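Two complexes come next, and they have one chain in common, chain A, joined by chain B in the first and chain C in the second.
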Partner chain A sequence: MRLELHKVSVRNVLWGDETKVERGTLFVNREEMLSVAMKDNRFARAELEFARPGESVRIIPVKDVIEPRCKLSGPGEVFPGFVGGMQTVGEGTTLVLDGAAVVTCGPIVAFQEGLIDMSGPAADYSPFSQTNNVVLVVEPVEGLDQHSYEAALREAGFRLGWYLADKCRDSKADEVKVYEMGGPVEESAKYPHLPKIAYFCMSITQGLLHDTFLYGADMKHLVPTLIHPNEKMDGAMVSGNCVSSCDKNTTWHHLNDPIVEELYSRHGKELVFLGVIPTLEDTRLAGKERTSWFNANLARMLGADGVVVSEEGYGNPDTDLCMNAAKCEKLGIRTVIISDEAAGTDGKSQGLADAAPEITAFVSAGNVNEMVELPVMDRILGYDSSISNLSGGAEESLRKDGSMFVELQAIIGSTNELGFSRIGARWI
Partner chain B sequence: MTRRVVCYINQFFAGMGGEEQAHVPPSARPGTVGPAMQVQSLLGEEAVVVGTVICGDSYFGEHLEEARAECVRLIGEFKPDLLVAGPAFNAGRYGVACGDICSAVTEKLGIPSITGMYRENPGVELYSPKTFIVKTSDSARGMKDALGAISALAVKILKGTPLGAAEDEGYFPRGIRKNFFHETNGAKRAVDMLLRKLAGKPFSTEYEMPVFKRIPPAEPVKDLKNATIALVSSGGIVPRGNPDHIRVSSAESYGVYDISSLDDLTPENFESIHGGYDRVWANEDPDTVLPLDIMREMEREGVFGKLYDNVFTTTGTGTAVAHAERFGQEIGERLKKDGVDAVILTST
Partner chain C sequence: MVREIENSAGIPVVQIATIVPIMLTVGANRIVPGVAIPHPVGDPSRGAEGDRAVRRELLERALRAIQTPVEEQTIFTS
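Then we have the complex of A and B:
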């Protein structure tokens, strides 16, 4: 399977008569893009705003971040199940607006969305302080139930991501990256002496704002399955969740999965990358057992020697994490896990809600409870009062002058458990 | 500004004698004595060792309270900015004395303290959460390295230089997790670690698995018909408006609510503020999480004696285990005091 990512570099974003990229600047036709956003009768009103790296801007409450991508050739369309028809993806060429992002924002149900600061201390913790963001702020029609609201905003994000890329499809790529790899049988035969590695992408699948979608299917109704790494880069997995914003995998993270990148880059040299196993985090014990047995069994059938396990969220998913690691290790399949910690604001509490002695290789994505001071920003996109309802915030978080004192977990992507950033908790 | 340092040493390093002099009580001398001289030379211009406090190891061990109080007083009289004790290497009594004085000085005088020990010194386990204990070799043959490491850490602390992780600074961890930025991202660190693990090469996990306390369950209720039962929940069901401002996640508090006059939870009187689950249905009927309605029904039917008048509730998502443990202990004590026989815990 061969996928070419044609990356068009975006270093600035401006309004324009025509949506296009020119010399690193993304011009956006505001009316046209708004009309794409409003192609859903569940919205009463929508606004588009820009937030650029380095600006004194706070975006809150953020639901999802989507990298603009569209297919140039090959079967299917990016975000299958939401945009375009229903075909498997991961082949041909895909256009990427590298450095741009669509950010969806609005007072949805106000609980686990997060914030993005484009400058100041919080900027160091989030990849989205480095992207040129087109921010969609919506208001739903009166009486819209929360599940429909979430779905409407989620779908709007994919529609807009695809719209921006589609309008720029004639742009010349600044960089072409090729991802080419066969299936697990073929690749294992090619490199018989290298360790064979699978990747469990644990995903929150627990209801409103806690769901993940695979080819448009709500994953909480699925059992774990196997996909080619290329499929992930073409939008096969998307976010419908906001499980504490610090450690949610936004759609942008799924498209730019650092574990996929890392395993791919070492494939055929240090290891054999067998594929991605999108797996779920059920709310029920039986679901957690079923899922972890499936995962371990899939890894065994693939002939895996080792597995990288990434968590999404914290708390009850710690149990899925332990079960996944323990069951694999008992089969002789070695594991490494990536997880954040909830060690308390003083850092003195144990960091996991569950533990397994089999977890001997743990990569820390940071303590979500550590407090950070966020200065006043000149401009607020969205509603800063919603901090009192966000994980990591409290009623006293927002001070009269507009500054905030919050837990790190209020910042989108700050302790991402795909290991996207360099952060990690250590002993002092 | 001249920063002031006081050193603490035992009778042996003060040149007073070995075991036969271990009974000497605390005393203070201005300036440097024994290893304090070397500390001063390592600190250079950064700080002045204004005094040395000395105590016999046996005296300290046998008169713990008095010795500690007297040492803290003597040290305090020098008005120091920092205390350096030892290093004690693998000397058990000396290690305990150094750790104890450092902890007391930090607590009572509010200044940082540093000592040094070998990893097997019992003082490490006892005092590492309370003071900086620099890693040393097991004997005074390692004095030069130990004092170098102690002085380097002292200068950083005195100058307010941000410290790195315990491993990088060379002291025993104080049981605190702090965020740092590594050289490489988590994904790369994970794949590196997995490949080392598969190859049978040494690797360092970034977090050792915590060991959970196992709480033995209470005896079963023998007489349900006359039992008082309480409802306790981490499902975030609170009176409408969240009067105690319990956080939606990472709660550091819980609420106690009188339900003695209620038979049913409704969207009008209660709500879910929990940040970790889909609470749409819990808000339509809070009984789905905190089953007051069914408990009242069973109470009327005489299935059990009485429903306790208060419910305890918090949000169990991202809650630090230390807080959860405290909630449990406080709630348990109150229930026991009020004669509650059993509890139904509902989670989400």
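Then we have the complex of A and C:
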């Protein structure tokens, strides 16, 4: 399977008569893009705003972040099941507006959404302080139930991500990256002496606005399956989550999964990358058992020597994490887990809610309870009063002058468990 | 909290929660497995009557558990 990512570099974003990229600047036709956003009668109003790196801007509450992508050739369309039809993706060529992002924002959908600061101390914690953001701020129609509102905002994000890329499809790529790899049988035969590694991408699948979608299918109704890493880059997995913002995998994270990137770069040299196993975090104990058995068994049938396991969220998913590692280890498959920790504001509490003696390799993505001081910003996109309802925030978090004192978990992507952040932890 | 109530106040505690491994890890002594994380002590998918039956059964099981002497961490599955 061969996929070319044609990356068009975006270093600034401005309004213009025509949506296009010119010499690193993304011009956006505001009216046209708004009309794409409003192709949903569940929105009463919508606004588009820009938030650029270094600006004194706070975006709150953020639901999802989407990197603009569209297919230039090859079967299907990005975000299959939402934007395109229903066909497997991951082949051909895909245009990427590298350095641009669509950020979806509106009155709070659920209590675990977060914020992005484009400058100041919080900017260091989120990758989205470095992207040129086109921010969609919506207001749902009166009486719209939360689940429909979540779906509307989620789908609008994909629609706008595709729209921006589609309008720039004639742009010349600044960089072309090729991702080419066969299936696990073929690649294992090519490199018989290299260790074979699979990747479990654990995803929040708990209902009540905590969901992940695979080819449009609500993953909480699935059992774990196998996909080619290229499929992830074309948006096969997307976020429908309002889970704790510090460690949610936004759609942008799925598209730019650093674990996929790293395993790919080592494929054929240090290891054989067998593929991605999108897996669940069930709300029932029996579901957690079923899922982890499926995962371990899939890894065994693929002939895996080792597995990288990433978590999404924290708390009860820590049990899925432990079960996934323990069951693989018992089968003789080595594991490494990547997770953040909820170790209290002083960092002294137990990091994970669960534990398993079989876990011998753990990469920490940081402590979600660490407190951070956020200064006043000149401009607020969205609704800053919503901090009192966000995870990591409280009623007293927002001070009269507009500054905030919050836990790290209020910042989108700050302790991302795919490892897409600048912080980590080490033993002392 | 479960351990502290038992240790400090000497009052036996039964914990009803969904994820049994976490209860084992934190050291609960009397464990009654709950239904699911969003609804540990009921099952709305079974309708109002079914939900009520599940609730009653769990409560009665918990009351039995609290009266049962235990020597080690014990899971009450029935």
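Assume the second predicted complex is superposed on the first by the 422 of 428 C-alpha atoms of A that agree within 3 Å, B and C clash if a C-alpha of one lies under 4 Å from a C-alpha of the other, contacts with A are read in each partner's own complex, and residues count from 1 in each chain.
Convention: a contact is a pair of C-beta atoms (placed from the backbone, for glycine too) under 8 Å apart; a residue touches a chain by one contact, two chains touch by 3 or more.
All of these numbers come straight from a predicted model, not from anything done at the bench.
**Q** Kindly say whether there is room for both chain B and chain C on chain A in the superposition, answering fit or clash.
**A** clash
**Q** Could you tell me if A:421 is touching chain B, chain C, both of them or neither one (first, second, both, neither)?
**A** Only chain B; A:421 stays clear of chain C.
**Q** Figure out whether A:271 sits in contact with chain B (first) or chain C (second), or with both, or with neither.
**A** first
**Q** So, A:84: does it touch chain B (first), chain C (second), both, or neither?
**A** neither
**Q** Which partner does A:323 reach: the first (chain B), the second (chain C), both, or neither?
**A** Only chain C is touched by A:323; chain B is not.
**Q** Which partner does A:353 reach: the first (chain B), the second (chain C), both, or neither?
**A** The answer is both, since A:353 touches chain B and chain C.
**Q** Kindly classify A:288 by the partners it touches after superposition: chain B alone (first), chain C alone (second), both, or neither?
**A** second
**Q** A:207 contacts which: chain B (first), chain C (second), both, neither?
**A** both
**Q** Per the overlay, which chain contacts more chain A residues, chain B or chain C?
**A** The larger set of chain A residues in touch belongs to B.
**Q** In the superposed arrangement, does A:335 touch chain B (first), chain C (second), both or neither?
**A** Only chain B; A:335 stays clear of chain C.
**Q** Can you check which stretch of chain B gets into chain C in the overlay, out of 55-63, 217-225, 271-279 or 307-315?
**A** 217-225
**Q** Which chain A residues contact chain B in one complex and chain C in the other?
**A** Comparing the two interfaces on chain A, one with chain B and one with chain C, the shared residues are 206-208, 283, 353, 355.
**Q** Considering the complex alone, what residue numbers of chain C touch chain A?
**A** 18-22, 25, 33, 35-38
**Q** Any idea which chain B residues touch chain A in the complex?
**A** Touching chain A from chain B are residues 163, 165-167, 173-191, 193-195, 197-199, 203, 205-212, 245, 247-250, 252, 275-280, 316-323.
**Q** Which residues of chain A touch chain B once you look at their complex with the stated criterion?
**A** It comes out as residues 111-112, 124, 145-147, 195, 197, 206-210, 243-244, 258-259, 261-263, 266, 270-271, 283, 305-308, 314-315, 334-338, 341-353, 355-357, 359-370, 389-395, 407-409, 416-428.
**Q** Which stretch or stretches of chain A touch chain C in the complex?
**A** 206-208, 283-285, 288, 316, 318-319, 322-323, 353-355
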